[in-house]
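In what follows, subunit A forms one complex with subunit B and a second complex with subunit C.
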Partner chain A sequence: MRWIALTIALLTAAPLAAQDRTRIVAVNHPLAYFAKRLAGDAAEVVYPVPEGRDPSFWRPGIADIAAIQQADLIVLNGAGFADWVKKASLPRSRIVDTSRGFAGEFIATDTVTHSHGADGAHSHTGTASYTWMDFSLAERQAEALSISLKRMLPEADVDPVLDALRNDLQALHDRATEIAARLEGQTLIASHPRYQYFARAYGLDIRSVSWDAGAAPDPAQIDELTGLVQDTGATIFLWEAAPPEDARTAVTETGLRDVIFPPLAVPGPSGDFVADMNAALDRLAALSG
Partner chain B sequence: MSILYLAFAYLRFHWIRSLVLVLVAALILAVPMVSHTLLRGSQEALTNRAEATPLLLGRRGSQIDMVMNALYFADERATPITMAATEEIWDSGLAIPVPLHTAFETNGARIVGTTLDYFDYRALEVADGRQIAVLGEAVLGAAVAQRLGLGPGDTVVSAPQNLFDLDGVYPLELKITGILAPTGTPDDEAVFTDIKTAWVIAGIGHGHDDVVSVDASDENVAAAASLLQFNRITPDNIDSFHFHGDPDDYPVSSIVVSPYDDRSATILRGRYLDPENPLQMVVPSEVIGDLVARIFRIKTLLDAVTVIVGAAALAAVALAVFLSYRLRAPEMRTAFKIGAGRGTILRLLGAETALILSASAVLAALCVILVQSRGDRLVAYLLSL
Partner chain C sequence: MRKLLIALAVVAAWPAIAHQLNVFASVDGTDVVVEAKFSSGKVPQVGEVRVYDATDALLVTLPLTGEETLRFPLDPVAAQQGLRIEVNTGEGHEDYWILTPDDIAAGQTN
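The block that comes next holds the complex of A and B.
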């Protein structure tokens, strides 16, 4: 029937007209990594965020959005990650929101209530967005992505790769569980609030300050940290990115042992999410005794 | 040749009378043909558009109103449903839903808030400029752009929904980023924007200056009543725009549903058969098929009326011609006396009549050609009324 042909055209013709090879855009590194592994050579996977920019807060320009609109598949993290998608026009039929299936498990962050004149008060509830730091949720994100990929790339043999990826993520989950067990009773402080899902999944007490990644904290921030250490008895400090040497010195002078534990929203040293996350867990394990 | 010359000279001398006769005869010839052309065009436009839209989901009520609003952007206001209905279709994995928000207008054109899938689905292409990319942008249908004389870089302002609703919908300035290629469908008469922009017009999303703390705790910020809300979205203020409430509750006029196959279509239709369900799913081609059948039953009656009226008009014209010949009896007698035979006089009168009828036929044909050449646009305009 004519409309079935139109549906098929909707799913395939428009994006394919723009480029020959299937193109997938992912809003963060973990999803780009999952897409690369699952699609293999059948698709080109693009991580559009410029180097050195935080994908959580990156604002694409009009040209960037126009390029993303042309992608065959746009992989979103959901949970409020990459907030720009709420203000951009994207083709819903080519979007996969990988965390939609577990929206009920999102972690709410601070709520701010305000009012506009006589309109009455209303609230803005934030959502922690680094969902993949719970590796079981990361597995579910990979599964959600695989469903779209199987529909879009029927020629790609996605299932065996998905099984291997699941195994890798399950191994990360087991490893994190084991390390967390050794850290039981200890409080950790993170340089940025990125570890909510990691803390919940593995039963860790992780508090946060809000320091810019890779920047040295100012004296006021060090004072805030010192107060937090005194209040919580924290023993370990997590850096989300490699800090300047004097920043490390300042942190260790508060009595904390520190470790670089990047959530890998941006590509790590090897570009392999599983390998880089394993390396990060190695560093954390070294501190856990 | 001399007969034709004399006939033409006579008609030219009595040009007012000749002109009236030509116009009347042309109208008698043209009206049935023009109405037939428009009706056939409307039937094709209605049917083609409906057949290209497999299923439509909306609030239970008048099916014709729902289809006319969603497919032809007619004035019938659809009682909105919510985005939850769109999400249900996505979650079913049976079809692609394309939500439409058609509550607002600008400069007499419907503002259609939708997703980019609509452009793929209707095969709409941007002929000039670029596609919408962020909140506050719009692309214009070809006919609207031509009528308003607007192009990329210009702006349009959404019309307030209710003049007295001072606390409700505020006009929002939309930046035009592109003009669509003409399609000869109601899409030519619409202004397209992202559905999120339509929700900003509806007041569900807004942007404003930094909120100032007054008598507030860290978690409760009370803004002054004079807080400035933005009525245009720019790169400088877009970050301040935000939406309130659960996205599943945001309003949608109706949803174009494109099932993956016949089985999916059947399953989906079955889900909305319950009369207690506030939503209804219709097959536009069936609704429009019924409508067209009714129109053509009425057309049969109109055809009969047209024949009777046409015959009466022709009789009136014949009478007018006959009476004019009676008035010209002295003139004909003079012609006879100066040597013109009866045959010559009859040929002269015949030539005058032939010239008038020829001119009428040419004029009627021009009218029909004009209507036919702009038929798609005319039909699209008429359907959007």
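The block that comes next holds the complex of A and C.
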């Protein structure tokens, strides 16, 4: 009888224990990946953005925000990534802004230009937000996250995992540097402006159009691309996401060689950021001669 | 000369930086309080506030009055599930704020 009571007690306690597990919310896949590696089994890491949605522009619902407010740690990318973080009350003491330490190195962008009212034509300036595409900055983001995790999860052995993660990111940095050296003098065009930090870190000339990920460009967009190719002499086109086949044909007909090079703000095929980024670098390396 | 050009570029860019709409909402007792401002500090003179419940149903639309804050009574039923408050001042300037049930409860007891 005593064993039965004990078993029942354990079974009913299990959901409570699961609820008590430390919960970490990260605004993009790279940070969720870093958090999972660093925290290990000591925490549940949640990437709250539904599949198929762009985490840069995701607009959470009330229930999403209510759940995020309950998290033990909210991991922000900073640099203006994920606008929603400024649209609700988040508990400051449980936020880590992983790029705060290098805010002076952010890249400014012109985001929108329009004309109306007394101000006339003007643009809303912004900040390039895909900071992790400079893998040395990604390393600094992982370090910033590790400081919060060590404080929050004293039982987790964060330091050795951080060392391994830093080694992986350093290896990505070295590879990107080596591939970029082989692309010196060439202009690349990206399907979306996501590669500012990658271009700056590795000395690449990357121009951008603004095509929807996974959508076929219309004739006007192809005309714009053709003009850009003529103006810049670009040779390589970077797809942010796998394109429809006819879109790929339209791009290669302009004389560009193309490659799928996702910045992995969303999970890639394997879910392993380092592995998927290495695969993307493999594809870029194949075009670098 | 180069410094002068940089300074002129910064001045020329300033209206752009100063033009973004920012919205904040909170609960003060039995009222919802909405603040909408451009990042220049200017208060929008025209536009509308749309209030949605947790199912994305539009509860009410209110005109902006040119005042710094706009208040309206908190619907006790919607308060249980939270509110999304959108402000649109036209010509592409729009922002929103989400009030969760916890935010609302905190505002009701303050």
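Couple of notes before you dig in:
In the analysis below, the second predicted complex is superposed on the first by the 256 of 289 C-alpha atoms of A that agree within 3 Å, B and C clash if a C-alpha of one lies under 4 Å from a C-alpha of the other, contacts with A are read in each partner's own complex, and residues count from 1 in each chain.
The working rule: contacts are C-beta pairs under 8 Å (C-beta built on N, C-alpha and C of every residue); 3 or more make two chains touch, one makes a residue touch a chain.
Everything quoted here is computed from the prediction, not taken from an experiment.
Of the two partner chains placed by superposition, subunit B and subunit C are both touched by A:Ala66.
Contacts of A:Arg92 after superposition on the shared chain: subunit B is touched, whereas subunit C is not. Of the two partner chains, neither subunit B nor subunit C is touched by A:Ala213. In the superposed model, A:Ala42 lies in contact with neither subunit B nor subunit C.
For the contact definition in use here, the residues of subunit A common to its subunit B contact set and its subunit C contact set are 59, 62, 65-66, 69, 87-89, 110, 112, 114, 116-117, 122, 124.
Taken together, the subunit A residues at the contact with subunit C in this complex read 59-63, 65-66, 69, 87-89, 110, 112, 114, 116-117, 119, 122-125. Of all residues in subunit B, only 51-54, 90, 95-96, 115-117, 120-121, 123, 130-135, 137, 167, 194, 196, 206, 208, 211, 219-227, 229, 238-239, 241-245, 258-262 touch subunit A in the complex they form.
Residues of subunit C touching subunit A in their complex: 13, 15-17, 19-20, 23, 54, 56, 81-84, 91-92, 95-103. In the complex of the two chains, the subunit A residues touching subunit B come out as 1-4, 6-7, 9-11, 13-14, 59, 62, 65-66, 69, 86-93, 110-118, 121-122, 124.
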